[in-house]
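Both complexes shown next keep subunit A, but they swap its partner, so subunit B is in the first and subunit C is in the second.
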Partner chain A sequence: MSQAQAEEVTEIEAKRRLLDIKSLDNPKALKLYRRFDGILILVLFTFLTLGIQIQFTLTAGDWDYWIDWRDRRWWPLISPFTLLLFIGAFTYGIWYRLRLPIIATAVTLLLCLVSWLSRYLNFVEFANFPMSFTFPSTYIGLAILLDCALAMTRSLVVSAMIGGGLFGALVYPLNWAFMAPYKVPVEFNGTLMSVADLMGYEYIRTTTPEYLRIIEESTLRTFGGSVTPLTAVFAGLCGIVIYAIFLYAGSWINGLDKYAKRIV
Partner chain B sequence: MNRIVARKTWFKGLQFHSVLAVLALMLLAGDVMAHGERAQLASMRMRTVHWFDTQVTPLNVKVGDLVTVTGKLVTSEWWPKHMPSIEETVFLNIGVPGPTFLRLHSEVNGVPMMRSTAFPLGKVYEYKTVLRARVAGRYHVHPLLNVKDAGSLVAKGSWLEVAENDSGEPFVNEITTLPGDTIDLETYGLSGFGGVYFWHVVWIVVGIAYLVYWLGTKRELFIPRFIRIRALGQDRANELLTKNDFVVSSIFFTLTLALILTGYLWAENRYPITIPLQTGLVDVEPIDIPAGDLEVVVDHATYELAGRSLTMRMNMTNNGTSPIRIAEFLTANIRFMNAKVGEGEIYEGEEMISRDGLTVSIDTIAPGQSVDVDLVASDALWEKYRMTGLIHDPDSRFAGLIFYYDDVGTRYYQEVGGAVLPEFF
Partner chain C sequence: MALSNTQTATLETGSESKVAGHFKRNRFAYMCGAFALAVGAALRIYLDTMGFAVGTDYYSEEFQTYWMPLLYGEIIVLCSFTVILSVYFWMTRETDASSISKELELSRYWRLLGVFTVMGIWAGAIASNAVESDAAWHQVTIRDTDFTPTHIIIFYFALPFLTAMLIPAFIWTHTRIPAYMNKISLPFLAVVVGILMIMPNYGFNEWGHTFFYAEELFAAPIHWGFVFLGWSLFFLVPLAVQLFTNMGRLIAETTAEDYKQHSA
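On to the complex of A and B.
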C-alpha cells in the first residue's frame, strides 16, 4: 500500500469517526445503539459465564464443590488466583475501550449463579448430595472491591495494588460468615473432626477418597500457627501479582485487533 | 424437481430410522453395574489385593436401615513394582452410586478408618463398614480401596434393594457437635439468618445492584462509549467517568468492606469454637497370614486360552501333623472351588463363584508328604470377567490365594504367584 493510499484510508477513517460522534446526538441512532448494546451484553455475559465456569471447574473445582476441601491454606489461595487471571485478561479490554469497571463483578456474579444451578441440578438432583455439603463459595464482594477500586482510582496499576490485594486477602473472611458452622468440632469414634470432615466421610464419594483432598497439613514452617492471616497476606500479594500479570496479558490480547483490521 | 423430492423423502426416511435406532438402543440398554471389576488389567486385579469373605447384610432394607459390609483382604506380595504401592497411602471406601448410603462407621483390624492409612504387603486386614440407606433403589455395593496415585481396587459386589421407608418423612442425619448442639447434616447451615442462602442472596443482590448502576442507569453503554473513547483518545478517556460514578463506587466499596467485616464478626461471635479441617494418616496393625504348615513352591503356570483354564504346578510340603486338602483358589475376586472338598462358605447374594471350578491332582496331602500338585482353575468366568486378557497384559504374571483345610476343618490360606505362559491352541 502506498503512502498516498494510506493517507486516503486515514482520511476516510477520520470521516467515519466524525460521523460516529455526530450519531451520538441522534436519538434514533442512540436507540439503535442501545439495542445492539443489549445484544453485546448478552453475548459478553454468555461468553463470560461459559469461560469462567469451565476455567474455575478445571482449576479450583473440588475446592469449590465440597465443604471439606475449603481449608484455610489452599482454598483461599487457589480461588482468587484462578479468578483473577480470568478477570485481569478481560478487565483490560473493557476498561481500555469502554471505561466500564464491571468485569470482576460480572464474572463472579455469573459464576455464582451458574454454580448454584450446577450444584442443584448435578450434585443435589442427579447425584443425591445434600446442598449443605456442596454449596458454592461467593466472591462477589471481592469483585466489587476490585471494580470499585478501578472506578475510584481510574488506574489499572493502582487498582491492581488495592483491589487485587483485597481480592486475595479477603476470600476467607468473606466466606467465613456462612462457612464457620462447618468448622465446628465433632467427636466421632474417638477422633476429632470438623462438621465438614464428618460430612466428607459420611456422604460417600467413591472416587474422591480422603487423601485426595489438597488441604492444610501440619508443618514446622508456621508463625505460631497463624495460618489464616498468613495465608491472607500471601494470597493478597499473589492477587496483586496475578492480576497485574493478566492485565498485561489482556493488553497484549487487546493489541491483536490490528490483525483483525488487516483482515477486514 | 423429482430428484429434490426423492432426496427429501430419503432424508425423512433416514430421520425416521435414526429415531427408531436410538429408541431401540435405549430399550435394549442394560443396567450399569460396573465399578471396575472387569475394566482393569487382569494381571493387575490378580496381583494387588485379594478380597475374600466379603459379606453384605442384609440385602433388602428400607431407607434409614443399617447395612453392614464385612470381609477380609490380603495385600499381594506380587504387587507390581512400577505401580504406586498400597504401603504408602490407602483409603477404605465403599463403591456405591454416590451418597445413596451414609457411611456411619468403617474400621480395619479394629481401627476406625475415617482417614487414610497404609497397608504393608503380605498381610491380612479385616474390614467392616456400616452404612445407612439414604435413597431408595437397587445398588451394586462393593468394598473398595483407593490407593493413592494408583487407582481404585474393588471387591466383588452384591446387589442390594433399598425400599422407601414406611413413614415417608424426609431423611435426617442428626449428630451432636462438641459444643453440644444437635444438628441435621442434610440441611445444616443452609437456611435462616446468617445461613448459606442468606449470605448468597445478600451478595447476589449487591452484585446485581452494582451491575445495574453501570449497565442500567447509563444513557450511553458499549457502542457510544467506544465511539467517545476513540474520539477522545486514551489520555482523556477517563472523562467518561462522572463524579456520580466516583461517589457510587465509594459507597459500594465501603458497604462491601463493612458487610464482609460484619459477616466475619457475626460468625466469630455465633461460632466461637471452630477447628481447621482434620487430616493425616492413621496406623493399622496388620495381621499375619494364617499359612498353617503347608509349604508351597510354584513351579510353573500356564493359561489355556481355548479351555479358559489356569493350570498351576506346585510343590507342596505338609510340615504339620494333620492331613491337608486344597479347597479353593481365589484370584481377581473369582472363587474357584474344589467340589470334592466342599469347604468354604458361600454368602447370600455372592457372585463370581465357580462351585466346581478347581481341580486338584491330589486329594489329601499327608503330614510330612512333599508332592507335586497340579491345580486347574477352569470356568467361563475367566471370559466373563475379562481375565483372558491376561495373555495380552504387558506383565504376564499371576497371583492368588489358595485355601486349604486340615482334618478338623480349620481354614488356612496363603498367596501363590509367578509367571504365566499362554497356550493358544
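On to the complex of A and C.
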C-alpha cells in the first residue's frame, strides 16, 4: 500500500470514528443500539446456557445429580475446575471488549436456573427420582467473589490469583447449608452410614458401580476430617491455574475475530 | 448530551424515514421462535408419554412402530431442510456487493440476528429439556441400541437442528452481507464446524459405549469429545464483536441523514 493510500484509509477511518461518536447523540441510533444489545444478550446467554450445561453435565454431572455423590475429595475439586475453565474463556472476551465483570455470575446463575428446571423435568417427572435426592449444587456465591475480584482490581491476573483461588476453595462451605441434613449419621441394618448414603442405597442406578469405585474408595472413609480442607486448598490451586490457562485461551480465541480469504 | 436527547427528542419512525423498517419488531424471530418451541414441546410430550411405555426394548414390535418412524422422519426432515435451504441460498447469492444499499445491508443484519434468536431459543430448550433427559434415562435403563428414545430426540433432532439452522445461516450471511462476501468469518466458521462435528463424535461415543453398555458415568472420558466441541461456543464472543462492529457503523451511517434533517 502506498503512502497516499494509507493516508486515505486513515482519513476514512477517522471520519467513521467521528460518525460513530456522533451517533451516540442520535436518539434513533441509540434505540437501534439498544435493540441490538437486547438481542445479543438473549442470544449469548441462551448459548452460554447450552454450553455450560453440556460442559458441566459431561465433566461434573454425576457429582451434581446425586446427593450421595457429593463427597469430600472429588466433588469440591472437579466442579470449580470445570466451571472456571468455561468461565475463563468467556471472561477474557467480555472484559477485554466490553469491560463487564459479569461472566462468572452469569454462567453460574444460568447453570443454577437451567439445572433446577432440568432436574425437575428430567429426573423427577421423567425418571421418578425425588427432588431431595437430585437437586443441584450452587456456585453463584463463588462467582460473585470472582467477578468482584475482577471489578475491584481491574486486573485479570490478580483476579485469577484471588478470585480463582477462592472459587476453588469455598465450594464445600458454600454448599454446606444444603448438604448438612444429608450428612447426619443413621444406622441401617447394623451399619453406620449417612442419610445420603442411605438414599443412594435405596436408589440403585447404572452409575452405582462407578460410585463404589470412585466415591467409596478407602482413604475417603479413613483419612478423617482433614480431607475437606486439603481438597479445598488443592482446588484453590487448580482454580488459579485452570482459570489463568483459559483466560489465555480466551485471549487467543478473541484474537480470531478475523476473516480469511480461503481456509485451505 | 446523549442522555438529554434520548429523553426529549421525538423519534422519527414514520414510513417516509429511510430506516423506518428497522424499528419494526422482527416477526421472523417471533414466529420461527414460537414454531421451534412448539416442535420442541411436542417432542418432549412424546418422549414423556412414549419413552418408558414403549421405548425400553429396541427389539420389541412397539419400539419399531412408535420410535423408528420418528427417527426416519427426523433424518428426512433435517437433511431436506439443510440441503434445500443451503442450495437455494447459494444459487440465489448476490454477485455485486456494491449494489446493496446501507439500509438493505442493515436490514439483513437484523434478519441474521433474528435467525440467531431462533437458534438461541432452541439452544435454551436443548439445555433445559434434552441434555439431562439422556442422563436420567441411562440411570434407570440398560442400553440395547444407539437409538434410545432420548437419543432419537437429542442426537437425531435437537442438536442436528442447530446445525441445520447454522449451515444455511452461514451461507446466507456470506452471500448476502457485503462485509462477509468473498471471504470467510473465522469465528462464525468455528461455531458452525464445532456444532456440526458433534454428530461424527456421537459415532465415536456410541462405539465406545458398546464396551460398557450396562453402566453410565456421565463424566467418563468418552464423553469429553462433546465438551471439546462445545468449546466452539467460545467463538461466539469474537463473532459478536464482528457483528457489533459492522452494525454499529451501519446504524451510525443510516440514521445520520434523518438525524441531520430532524435536528435542522
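Convention: the second predicted complex is superposed on the first by the 227 of 264 C-alpha atoms of A that agree within 3 Å, B and C clash if a C-alpha of one lies under 4 Å from a C-alpha of the other, contacts with A are read in each partner's own complex, and residues count from 1 in each chain.
In this section, a residue touches a chain if its C-beta (ideal position, glycine included) is under 8 Å from a C-beta of that chain, and two chains touch if they have at least 3 such contacts.
Keep in mind that what you see is a predicted model, and the values were worked out from it rather than measured.
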Item to check | Touched partner set for A:254, first subunit B, second subunit C, both or neither | outcome: second
Checklist entry - Is A:97 in contact with subunit B, with subunit C, with both, or with neither (first, second, both, neither)? => result both
Next on the checklist: Looking at A:151 after the superposition, I want to know if it touches subunit B, subunit C, both of them or none. Which is it: first, second, both, neither?
Outcome noted: first
Checklist entry - Between subunit B and subunit C, which makes contact with more of the residues in subunit A? => result B
Checklist entry - Regarding the shared-chain residue A:177, is it in contact with subunit B (first), subunit C (second), both, or neither? => result first
Checklist entry - For A:217, is the partner it touches subunit B (first), subunit C (second), both, or none of the two (neither)? => result first
Checklist entry - Given the touch rule stated above, what does A:47 touch, subunit B (first), subunit C (second), both, or neither? => result second
Checklist entry - Is A:108 touching the first partner subunit B, the second partner subunit C, both, or neither of them? => result first
Checklist entry - After lining up the shared chain so the two structures overlap, which partner does A:189 touch, if you call subunit B first and subunit C second: first, second, both or neither? => result first
Item to check | Partner chain in contact with A:206 - subunit B first, subunit C second, else both or neither | outcome: both
Item to check | Doubly contacted subunit A residues - partners subunit C and subunit B | outcome: 20, 23-24, 30, 33, 36, 40, 97, 127, 129, 205-207, 209-210
Checklist outcome for this item: Interface with subunit A, subunit C side, in the complex: residues 1-2, 5-6, 9, 11-13, 19, 22-23, 44, 47-48, 51, 113, 116-117, 119-121, 123-124, 126-129, 131-133, 135-142, 180, 182-187, 189-190, 214-219, 223-224, 226-227, 230-231, 233-244, 247-249, 251-253, 255-256, 258-259
Checklist outcome for this item: Per the touch rule, the subunit B residues reaching subunit A in their complex are 35, 89, 91, 93-105, 112, 114-116, 134-135, 144, 146, 148, 152, 173, 175-179, 181, 183, 185-190, 194-196, 198-200, 203-204, 206-208, 210-211, 214-215, 219-231, 234, 237-238, 240-241, 245-246, 249-250, 252-253, 256-257, 259-261, 263-264, 266-268, 270-271, 273-280
Checklist entry - Can you list the residues on subunit A that touch subunit B in the complex? => result 17, 20-21, 23-24, 30, 33-34, 36-37, 40-41, 68, 70-72, 96-102, 105-106, 108-109, 112-113, 116, 127-133, 135-136, 138, 140-141, 143-145, 147-149, 151-152, 154, 170, 173-174, 176-199, 201-207, 209-213, 215-218, 227
Item to check | Residues of subunit A defined as touching subunit C within the complex | outcome: 16, 19-20, 22-33, 36, 39-40, 42-51, 53-55, 57-63, 65, 78, 89-90, 93-94, 97, 114, 117-119, 121-123, 125-127, 129, 205-207, 209-210, 249-250, 253-263
